[in-house]
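Both of the next two complexes hold chain A, though its partner changes from chain B to chain C.
Moving on to the complex of A and B:
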C-alpha cells in the first residue's frame, strides 16, 4: 500500500480554541507543527460560544481563584478532580491576560479594566453573594478568541491542513502512537501524517443526540479515535442538557426567557411546572425542568402533531418587552420554529449541549490510562485537550464560562508539554503497516457496493434512540431497552452502504465516517449511564434519586471492547489548599 | 440578488457536494440556514445568484449569524437581498 506521507514534530487534530492555543505554543517555540481540521479553522464550534470565559479578576466585584475553585468543585457535584480544578482556576487569570495581550477585544469598564458579568453558579466567599467572573468580548467571545489565535498561528507559521478529515490514529510496532491517517476532503485521497506527538482537540459530540445545540461538525471524532485505539473514555454519562431548545432543531432559547416571566405549558395549556416544582416552577434547575418536559411528552401531554414537544409561552410579556429584553429570541423562533413569540408559543424540547466526559488526561494534557489496580500510566506521545478531553475539571456538571477556560488552559499546557516531549524524543517512529492498513480499512469499506441499510437512515435512527433512551430520562428500564436497540443498530452498521462512490467532496462518505464515530461515542454514553446507579450532577435517575458518595464517588471508564466498564478514584486533594469535602448541593 | 428565474441551469452533483461542505459551519443556526437553502432554494437561482451564494459562504460565521439574526444589516444591497431570500426559503411555513 503506498500512501503519501508528511512528517512533523507535532500533529494537532482540531482547530478550535484548544487546538489553536496548543499549536501557538509549539509554533512559537519553533517546533514543526501541523493542524488538521475538517472545516476551515475559524468555522470551528468555538465560534458559537458567545457567553464568555471565567477568571477571578475581581474587576467588578471582589473575587479570587479560591472562590472560583470552590464553585467549580461544588458545580461538579464533587466529581471533579480538585488538583486539576485548582490548577485551572489559578491559571485562568494569566490566561485571560494573555488573550488580552494577544488582541482579544474584551468589553471594558469605564476604568479600562476588563468588564465581567455574573453567571449562574458564581459566588463570593465560598457560597456567599453572587460573583461576577465572566469576561466577554460583547456577545462574540468565541469568535474573537478563535480569530485572534488563528491570526497568531498564521504569523507563527503553523502548518494548516484545512478540510482534512482525521480517520484514525496509527501506531508503530511497539504500539506507540505515531500520527494519524487523514483524508483530504476535496480529492478524497488519504494522507499519512507522521508525528512524534499527537494531540486530539476535536471538540464535542452533541450530534449523538437528535436534538442538540451543537453544530453538525460535533460528532465526537477524537473520542471515537481514542476508543478504537484501546483508550477508555471517562465520565461519559455526564452530559449537560439545556431544557429549552427549539423542538426538532436544537437551537438554544436562553433561560432569560423564563427569567423574564415566560412559562411552559403542555398541550392542554396547563402550566405543568407547578406540579413538578411548586415553588421554583419554571425557574427550577435545568435537570428538573428538562425531566419534567420529557415526562409530559412521555405521558401523552406533548403538543403538536406528534405530541413530541412542549410550548414556551411569552406572548403575555408584550412585543416591547420581548424585543427589548430578549433580543434574538424572536428572530430565532421565527426562523427556526416558524412561530412569532409575540403571538404564539415557541415549541421546545431539551437540547444536548455539553459533554463533561471525554478522553482522560492529567493536567498537562497527557492521555492517561489505568494500569493494574489504582495506578495510572501516561500514553507516550498522545495528548488530548478541549471538549473531547476530560482533565476532570467539570466532574458531573459544568458551570457556564468554564468550558472556554478549560480549552484555553489545557490547550496551552498540552502545547507546552509537547515541546518538552519532542525535545526528549527527537526520533520519528515508523508506522506499523498493519496499523495503517487497519486505519485504511475504515475508508475502503465504503467502496463496497450492493444492498445494506443506507447510512443516513441509520444515523437518524441512532440519534433518536440516544435521545429517547440515554437522554434526560434515565431509568433502568428505559436505558436497558435502549442499550439493546443501540447494539442492534451497531450491528446493522456493519452492513451499511453508500450509493455515492465518487471521490471529490464526497460528503456522504464523510458523514458515514462520522456515523461510525457517533455510534462508538453514543454507546460510551449509554453504557456508562446504565451502570451508574445514583443521581449526580447532570446524570439524574428517578430510580436512584440521591447522590451516593459511598459507592459512586468515582470516575467511570468505558472501554469499547465488549462495552466494558472500569472505575477510578476522584482526586480529592488539591495542589496547595485544603480539600472541599462533599456536601449536599443547594443553590 | 437577481432572484429566481424560470429555467435555471441544472446543478451538477459535484457542485452540490462541494457547496454542502462549505455549508458546514461552527454554529447550528448557520448549518440549518445554509444547508436548508442548498436543498430548497439553490437550484432555483440563476448563474449570478449562485455566484453570490458562493461569495456569501466566504464570510465569517459571526458576521453571517449577525445578518441572519437581524443584529446587523449587510452594507451591500445584493448580500442584503440574498440573506432575506435565504431566510424566507428556510423559515417553516405554518398553516
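Moving on to the complex of A and C:
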C-alpha cells in the first residue's frame, strides 16, 4: 500500500472558529501548519452562530469577569470546572479585543465601543439584575467572526486542505499520535498528513438528532476519531436543546431575540415563562426555557393546528430595532416559517443544538485521559478545542454567548501551547504501518458490494431513534428501549453497503463515513444519559427529578469499548478566587 | 413534480447528460429539499450543501437558467419542469459540483483582511455607528459564488477580472474606517482588467441570495480612485 504523505509541524482538523484561531497563532509564529476541512473554511458551522460572544467589557452595563464566571458556574449546574471557567471569563476580554483588531465588524454603540446585548443567564453582582455581556455583530456574529479569522489566515499564509475528509488518527509504534489519514474528496484518494501535534477542532454532532439547528456537516467526526483511538468522551449526556428553533424545521432563532425584548407566549397569549422563572422570565437559562416550552405543549397549551409549538413574539420591538439588530432572523423567519416577525410571531420549538460534552482537555487544549485511580495524563501531541472538546466550561448546561467564546479562547490557547510543544519536540514520529492500515480500512470497507442495508436509510433511522429516546425529558424506560434499538442499528451498520463505488466527489461515501461517526457519538450520548440517575442542567429525568450532588457531582467518561462508563471529579477550585459552592439553581 | 438535473461523473460518463426525477413536493419545500429527495432515490447524485439556512454558501446552483442558493429557494418560485445545472462557466467536477478554485483565488488576491499600521489600542478601535453602517451590505457576503459565475465579464476573463464577489470584499475593506491600506488597495486594482472589466450588466445584483449589490460597490471603488487622483 503506497499512500502519498505530507509533513507539517501541526495538523488542525476542522476550520471553524477554534481551528482557525489556533491556525492563526501557529502561522503567525512561523510554525508550519496544515488545516484540513471537509468543506471550504467559511462553510464551517461557526458561520451560523447568531447572537454573539460573551465578554465582560462593561460597555453597556456594569460588569466584570468574576460575575461572568459566577453566571457560567451557575449555568453549568455546578458541573463545570471552575479553574477552566475562571480562565475563560478572564481571557474573554482580551480575546474579543483581539478579534475586533483583526477586523470583526461588531455593531457599535454611540460612543464607538462594541455593542453588547442581554442574553440568558446573565447577571450583575452574582445573581442580581440582568447584565448585557454579549458582543454582537447584528445577528450574524458567527459569520462575521469566521470570515475574519479565515481572512487573517490568508494574510498569515496558513496551508489549507479544503474539502479533505479526516478518516482517522494514526500512531507511531509507541502509540503516540503522529497525524491523520485524510481523503481528498475531489479525487477520492487518501493522503497521509504527518504532524508533530494534531488538534481536533471538528465542531458539533447535532446530526445525531433528526431535528437540529446543526448543519449537515456536524457529524461529530473528531469525537468519533478520539473514541476509536481509545480516548473517552466526557459528559456526553449533557446535550443542549435550544428553546427556539423554527417549529418542525429546527433552524435557529437566536436568544438575542429575547435579549432585545422578545418573549414567548402559549396559545392563550399567556407569557408563560413568568410562571417557570419569575425573575429572569424569558432570559432564564436555556435548559429551563426548553423544558418550559415542552411542558406547555404537553399540557395542551401549544399553538397551531396541532398544538405542537409556542410563539415567539417580537413585533412590539418595532421594524427599526428588528432591521438593525435582528435582520438575519427576520429573513430566516420569512423564508422558513412564512412569518414576518415585524407583524406576526414566529412558531418555535426546542431544537437539538449543542454538545456540552466532548473530548476531555485541560485549559490549554491538551487532551487528558485518566490513569490509575484519580489522576490524569496528557496525551502527548493531541489537542482538542471547540465544541468537540470539553474543557469543561459548560458543565451540564451552556449559557448563550459562551460557545463562540469557548472556541476562540481555547482555540487560541491550544495554538499557543502547540507552538511550545513543537519547539520541544522537533522531530517527526514515523507512522506505524499497522495503524495506517487500520485507518485505511475505514475507507476500503465501503468498496464491498452486494446486499445489506443502505447507509442513508440507517442514518435516518438512527437519528429518529436518538430524537425519540434521548430528547428533552428522559426516563429509564424510554432510554433503555432506545439504547437497545441503537445497539441493533450499530450491528446493522456492519452490513451497510453503498451502491456507488466511484471515486470522484462521492458524497454518498462521505456520508457513509460520517454515519459511522454518528453511531459512535450517538451511543456515547445514550449510554452516558442512561447511567446518570439525577436531573442536572440539560439532562432532565422525570424519574430522578432532583440534582444529586452527593452521588453525581462528577464528570462522566464514556469508552467505546464495551460501552464502558467511568467518572472523574469536578474541579471546584478556581485559579485565584474563592470557589462557588453548589446552590439551588433558580432564575 | 418533475426535476431535470445535470449529471456527469468523470469515473463513468463519457459526457454530461440531463436526468429526470419525480419528486413529491410538500408545503415549504426548498430546492435543496428536492435535491436531497433525488439523492435519496439515487445516491450517485452529487451536490454540495450544509447549513440549510442560507449562511454557509455551499449550495449555489443554476435553476431554470438563474443562479441561486438551493436552500433558500422555494420550489413554488420555480416554474416546472425545474431544470437544475451547475454554475455556468466553471469546470464541472461531478454533477452539480464545480471547481471554484479561481473564484477563491480572486478573493485572496484583493487582500480581504483588515490592515492596521498604527499601534493597537488596549481596548477596541473606536468606530461610530454611522461608520459601522458603511459595512452593511458588504460584510454579509457568504462567498457562495452566485454573482461571479453569473457575470459575463467573469466568463470572458476569469483569469484577469476579479469578479463581483471579490470586488465587493475589496470595497468592504476600503469602506472600513479602521483600515489603513487604502492607497495599496487602490493601486492593486489599477489596470484594464481587475476592476474595470465590470460593465455594469448587474447580473450579480439580480442573483445575490443575500440581497447585496456588488455593482454599487464597484462604482464606489471607481469613485474613490477618481477622488484620490488615480
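One rule holds for everything that comes next: the second predicted complex is superposed on the first by the 483 of 587 C-alpha atoms of A that agree within 3 Å, B and C clash if a C-alpha of one lies under 4 Å from a C-alpha of the other, contacts with A are read in each partner's own complex, and residues count from 1 in each chain.
Everything that follows uses one rule, which is that contacts are C-beta pairs under 8 Å (C-beta built on N, C-alpha and C of every residue); 3 or more make two chains touch, one makes a residue touch a chain.
Computed from a predicted structure; not experimentally measured.
Contacts of A:339 after superposition: chain B is touched, whereas chain C is not reached.
Legend: residue contacts after superposition of the two complexes on their common chain; A:151 is shown touching chain C, with no touch to chain B. Contact with chain C, but none with chain B, is seen for A:112 once the two complexes are overlaid on the shared chain.
The partner of chain A that touches more of its residues, comparing chain B with chain C, is C.
In the superposition on chain A, A:504 makes contact with both chain B and chain C. By the touch criterion stated above, A:143 is placed in contact with chain B and with chain C alike.
Look at A:48: by the touch rule set out above, it reaches both chain B and chain C. In the superposition on chain A, A:39 makes contact with both chain B and chain C. Once the two complexes are overlaid on the shared chain, A:215 sits against chain B and chain C alike.
Common to the chain B and chain C interfaces on chain A are residues 39, 42-45, 47-48, 140, 143, 147, 215-217, 249, 251, 328, 331-332, 335-336, 338, 500, 502, 504-507. Touching chain A in their complex are the following residues of chain C: 9-12, 28, 39-40, 43-44, 46-58, 72, 74, 93-95, 97, 100, 104, 108, 111-114, 116, 120, 122-129, 131-132, 135, 139-140, 142-143, 173, 176, 178-179.
Across the complex, chain B meets chain A through its residues 13-14, 17-18, 20-21, 24-33, 35, 60-62, 68-71, 87, 90-94.
In the complex of the two chains, the chain A residues touching chain B come out as 38-39, 42-48, 140, 142-143, 146-147, 163, 185, 212-217, 249-251, 327-328, 331-332, 334-339, 500, 502, 504-507, 510.
Remark: chain A residues 39-40, 42-45, 47-48, 57, 96-97, 100-103, 105-114, 137, 140, 143-144, 147-148, 151-152, 154-155, 186, 215-217, 249, 251-252, 328, 331-332, 335-336, 338, 454-456, 498-500, 502-508 touch chain C in the complex.
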